[in-house]
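Lettered A, B, C and D in written order, each chain numbered from 1.
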Amino acid sequence: MKATAVLGVGLFFIGVALAQQPVLKIGVNGVMSGPAASWGLVNKYSAETTAAMINAEGGWKIGDKKYKVEIVALDDKNDPKISAANAEKLVSMGVKYIIGPNVDTTAGAVMPVMEKAKAINFPYAFSKELYTPPHGNSILGMIASYQAGPVIYKYLKEKKGVKNIAFLARNEADPLNQMKEGEDAAKMLGLNIVTSGATYEPGTTDFAPVLQGILAKNPDLLVLSGVAPGDAPLLIKSAREMGYKGLLSTETAQDAKILQQVAGSLADGFISVGGASTPSIQTPYMLDFVKAYTKRVGEWNDEAGTKVYALEMILRTLQLAGPAAINDVELFKKTLTKFNIPNPFVKGNPPLKFVGSAYFSQPRQLGVPMVVNEFKDGKFQTLFVGSVE
Amino acid sequence: MNRLLGPLIGLALYLGIVPLLIHGSSYWLTVFINISLLAFTSLGVWLTFYIGRINIAQGAFALIGGYAVAVLTTLHGWPFWLALPMAGLVAGLVGGVVGSTILRLRGVYFAMLTLCLTEATRLLALNWTGVTQGASGIIGIPTPFGGDSSYLQAYFFSALLLLAGLLAIWRITQCRMGRVFRALQAHEDLAASIGINVAQYRVLAFSIACAFGGLGGAVLTVFLQSIYPTSFNVTNSTDFMLYCFLGGLQFVLGPAVGALVLFLGFQLLSALGSYQALVYAILMVLAMLLLPNGLLSLRFSVRQKSMREGQV
Amino acid sequence: MSLASKPHLSLHNLSVYYDTVRAIEGVGLKANRGEIIALIGSNGAGKTTTLRAITGLVKPTFGEIWYEDQRINGLPPHRIAELGIRMVPEGRRIFPLMSVHDNLLMGAFLRRNQAEIRQDIERICARFPRLAERMKQAAGTLSGGEQQMVAMSRALMARPKLLLLDEPSLGLAPMVVREIARAIQAVNREDGVTVVLVEQNSRMALRLSSQAYVLETGKIALAGASAELQTNDRIRRLYLGISDESEPLTL
Amino acid sequence: MGLAPTYLGSVMSQIIVNGLMLSATYALIALGITLIFAIMNVMNFAHGQMYVLGGFMVYYTYGVWHWPFALSLLVAALVVAAVGLILERFFFRSVLRRSRREESTMLLAVGTALLLDSLALALFGEKQRGVPDVVSGVYHLAGAYIPARRLLIFAIAAVLTTAFIVFINYTRPGRALRAIAQDRETAALQGVDVTRYSALGFGLGAALSGLAGGLLISTDAINSGAGNLISIKAFIMIMIGGAGVVSGAIAGALVLAFSEAIGYYFIPGSLPYLLILTGLIVFLLFRPQGIMGRRWG
């Protein structure tokens, strides 16, 4: 009897303690099943890992209260209808900040919901209209390839003497946009585009036919626009086996493990954009995150290195904007220009900011550092870290 | 007339009680708007089943309708109320032209071909950049529903559209045309031998079905205010088919029940987190295993059973 | 009761309903070992249903089917086939895309002795020389008569003890019908196979058989020795035609 | 480099090589789905998921546990066949028996595909997987390049396809399967245990798809959601060749593989598939039964 009473009282106090700690709900809305499941799942895993780390420390301080961070993740199956319904559900739960969705199709459908509900989302879709006035409630969650492209091409033009450039895109909306923007950037740099408009179907198993026509034009650099992590090693392997000697690069994050498994040493020299993937630039906080992520999911995914930023920047911006911003995104928006902190994940590099004014005429992009990696001996090595303004 | 009472009460509830119950929650209204529109679109698939064809092309016609309304309102400045019927008309016409040839196929052959048609339409939308703007899609499509009650307006509009669709399909099944369609389902050759112009009726049914697809796709597109080549794809086409199957092919209400159960089911299962898709799939397979003739067959088999027992 | 006097096949009070539609009701018949019995009746009288019930393709609603000293109703078709019962179905039902040779091998599906199977194929070639020339041809490309020969031969390849023939003469030219009839008789006499012959061509059926049953709307209307039935007025009028002057069947 | 006269020749030989390499594994996929279709009259939407399962079996056994490649292929075939048998026994058989309309099996197949997709995601995770090359090296033949690993896959697939054709045409169980495909009831009358052989056919068809997946993961990568695309390709192939016919499956595989090889070389972008699909639709208007199929209905 006594024990029960003690337990009851104990539970009561724990309950009070829990009730006293306010909860900050952050949404994740993205594709978590089907062929593209990895995109949304990495968003979800990254956010959940960060939230768990923060909650273990007692919560996130905004104003004078420490908030328990709760992640509400919803699968949209890459279907715009479900994505919009998910967004409605999240805002109906009082969620004002949503990470995702992952492609133009779903991001386009979610945008009106965000505007009506006065909420903010962080899509991983590159369509410029989403971030350009009159729209302003979507913030691009990563470096767009059209931003990474010029930086990489410029580097390769200057350092490696690249003159002729060829593009190959995965035949989906985002990669095609990436290719288009990449071609524009190459033209601006005065590079000679030897093939234009080449794509491969998702699900292609043999890339020789696709590559053959491109390699016949003898490019110095072959850009794989929006290439999926599983396709990259195959494309690299096929190109090398067909005798291609030039450079290969992509503007999307890749997976070192599969590059090593499938292409092995043939993938050496492959250039891609990643997060803080290489130990040489990782801060202790990033190392902790990698450890926690690996424990939670079972395996590290390099893509998480770019997707770790969204939640971190939402929380830090809220800290700066004050508790009222939790429910008022206008305050959040006003704080965007003021936000400027040292990058918690990458050592000694430009500060973390909201960027994108040059592209969208307003800061509607997470200023994720552009870590340009080269694959070597089964691992990524950082070539240089660039940034976007 | 008694037969009609049940469905009519159900629809009255749907129109009256649902909005009251969900207190104007924009989330629940969105869910039911989607259900109404998906059910409406699936009615077309149901009609093709009615003439004995398995149709996995409805995603293609929803896409056609969606692009029609998007292009007309956004690029040519048409008002929605003019563009909407146009979208249905375009989809119906395309359906008629395509149908006049592919309807010669039957069974799984027709099914597989319509599946390819969905994929071909996506690729067409991607490549025909002059009209569709290709991969960049069309966004910022104007919506006719505005103000504070925009969700409620959209809800009533889609519910009434579904109601009209159900009535139209029900009327079709009751009149001479419906008898002809049933004859086509049972035995085309026999129908031809008694002097029915089989080809003409098949095309007619398919055009109506595709017009349903075009209208449904158009309203969905306007509701989402954006369209891309992947907005309606093979997954959607198979979903539309599943709604009909799961509800029950013998019943006009089948697609509506199927859409309700499957769309609402997925939403309700979101509480399961990572297991949502898995549990959803398990429940769906269980439903098929236990009720291979559709959810509505449950009601009828119970009734038949009690009738039989009553007689003994 | 000695084994010899016990019927080879007997049906007792057999009824088959499709949903609620009656196909046959209370059918009883027996065939002794080595006997040919005929089952005659007009279209839809239930002849085919009776054979399908014997072979296990439909489950009887009521009644029993006894084969030798075993009750076989309820067994699946392949188990009944294992007992040595073969049916030549109505419309031949050969495997159209298979060669004649493969069709015959399908008949011998349950047999394992390759040498004997080869021997039997040679015997069939001897019995139907026209098939010998077409062994490698797809069976679906043969003429109706040839297909009937394939169907019969396929059944014989199983070395059956009981052979059920469903309308073997349907749609065939008189010359071919005679050839088929000779084959039936040969099988019965030489191999000692019991035959149940279902026919609309009642004249042929009655001449071949020793006992005959007449089915009318699912029930046995008349039964007796075939020779007697041939002279029965009702049979002559209904199933043999009133004018009895048409070409006699020579065996 | 310039376009030397030999250039066109090497392009042609490369296209032929690519087409051949591709068609061998496509043939395995098409044979599997056509077998299941012929035996059960089921349009197996879950066929691609069998392929994915086979791929993951090889990933774990060969890629992670370093078993010999031949053994892991065998394991893949057996595991996928077992899954096929389970699906046939507990899913398709009962629905085929009870359903009022045979289309219901299609619904079930779609549901099964969805179920296997979700299961694969839960079991194997969301990441792309690949395995190291089984053999390395590149051969050159008449100006065409042939990686050794592709040649190996081609050889194995060709041997398996031949073995399957021999099995189906010249063995007793093969004849029984053909008999069931042509006339189920009459096959039963010949003493064929139709239920058991249907299960065998389903298991075998699944195993073929699993083998294709297991073979292709050794040159390509796979992820748990890759199944539906494979199923669509399988459908396209059996429509081209004619459903339910062995020769049709092979014809379909050849046509699709060469269309891809030619299309991707000469036409950039997503147009090749649009053309393949449009061509297919037009072709079927004139020959609805496919190249090898017979008329139905």
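By definition in this document, contacts are C-beta pairs under 8 Å (C-beta built on N, C-alpha and C of every residue); 3 or more make two chains touch, one makes a residue touch a chain.
None of these values were measured; they are calculated from a predicted model.
Between subunit C and subunit D, the least number of touching-chain steps is 1.
When the interfaces B-D and A-B are ranked by how many C-beta pairs touch across them, B-D comes first.
Chain D has the C-alpha centroid lying closest to the overall centroid of all protein C-alpha atoms shown. For subunit A, the chain with the farthest CA centroid is C. Here the spacing of subunit B and subunit D, counted between their Cα centres, is 32 Å.
Look at where the CA atoms of subunit A average out and do the same for subunit B: the two points lie 36 Å apart.
Centroids of subunit A and subunit C (each the mean of its C-alpha atoms) stand 75 Å apart. Mean C-alpha position of subunit B lies 52 Å from that of subunit C. Looking at subunit A, residues 33-34, 171 sit in touch with two or more other chains.
Of all residues in subunit D, those touching 2 or more other chains are 117-118, 121, 228, 269-270, 273, listed in ascending order. Multi-chain contact residues of subunit B, defined as those touching 2 or more other chains: 126, 235, 274, 277.
Pairs of chains meeting the touch criterion: A-B, A-D, B-D, C-D. Taken in their complex, subunit D has these residues touching subunit C: 172, 175-176, 178-179, 182-183, 185-195, 245, 294. On the subunit C side of its complex with subunit D, the touching residues are 55-57, 76-78, 81-82, 86-87, 89, 93-98, 102, 105-107, 109-110, 154, 158. Those residues of subunit A whose C-beta lies close enough to touch subunit B in the complex are 32-34, 73-75, 77-82, 84-86, 88-89, 91-92, 103-105, 108-109, 111-112, 116-117, 127, 129-130, 171-174, 176-177.
Residue ranges on subunit D touching subunit B, taken from their complex, read 37, 41, 43, 45, 90-91, 94-95, 98-101, 103-104, 106-108, 110-112, 114-115, 117-119, 121-122, 228, 232, 235-236, 238-239, 243, 269-271, 273-274, 277-278, 280-281, 284-285, 288, 296-297. Put simply, subunit B touches subunit A in their complex at residues 25-28, 30-31, 34, 38, 126, 134-137, 139-140, 143, 150, 220, 223-231, 235-236, 266-267, 270, 273-274, 276-277.
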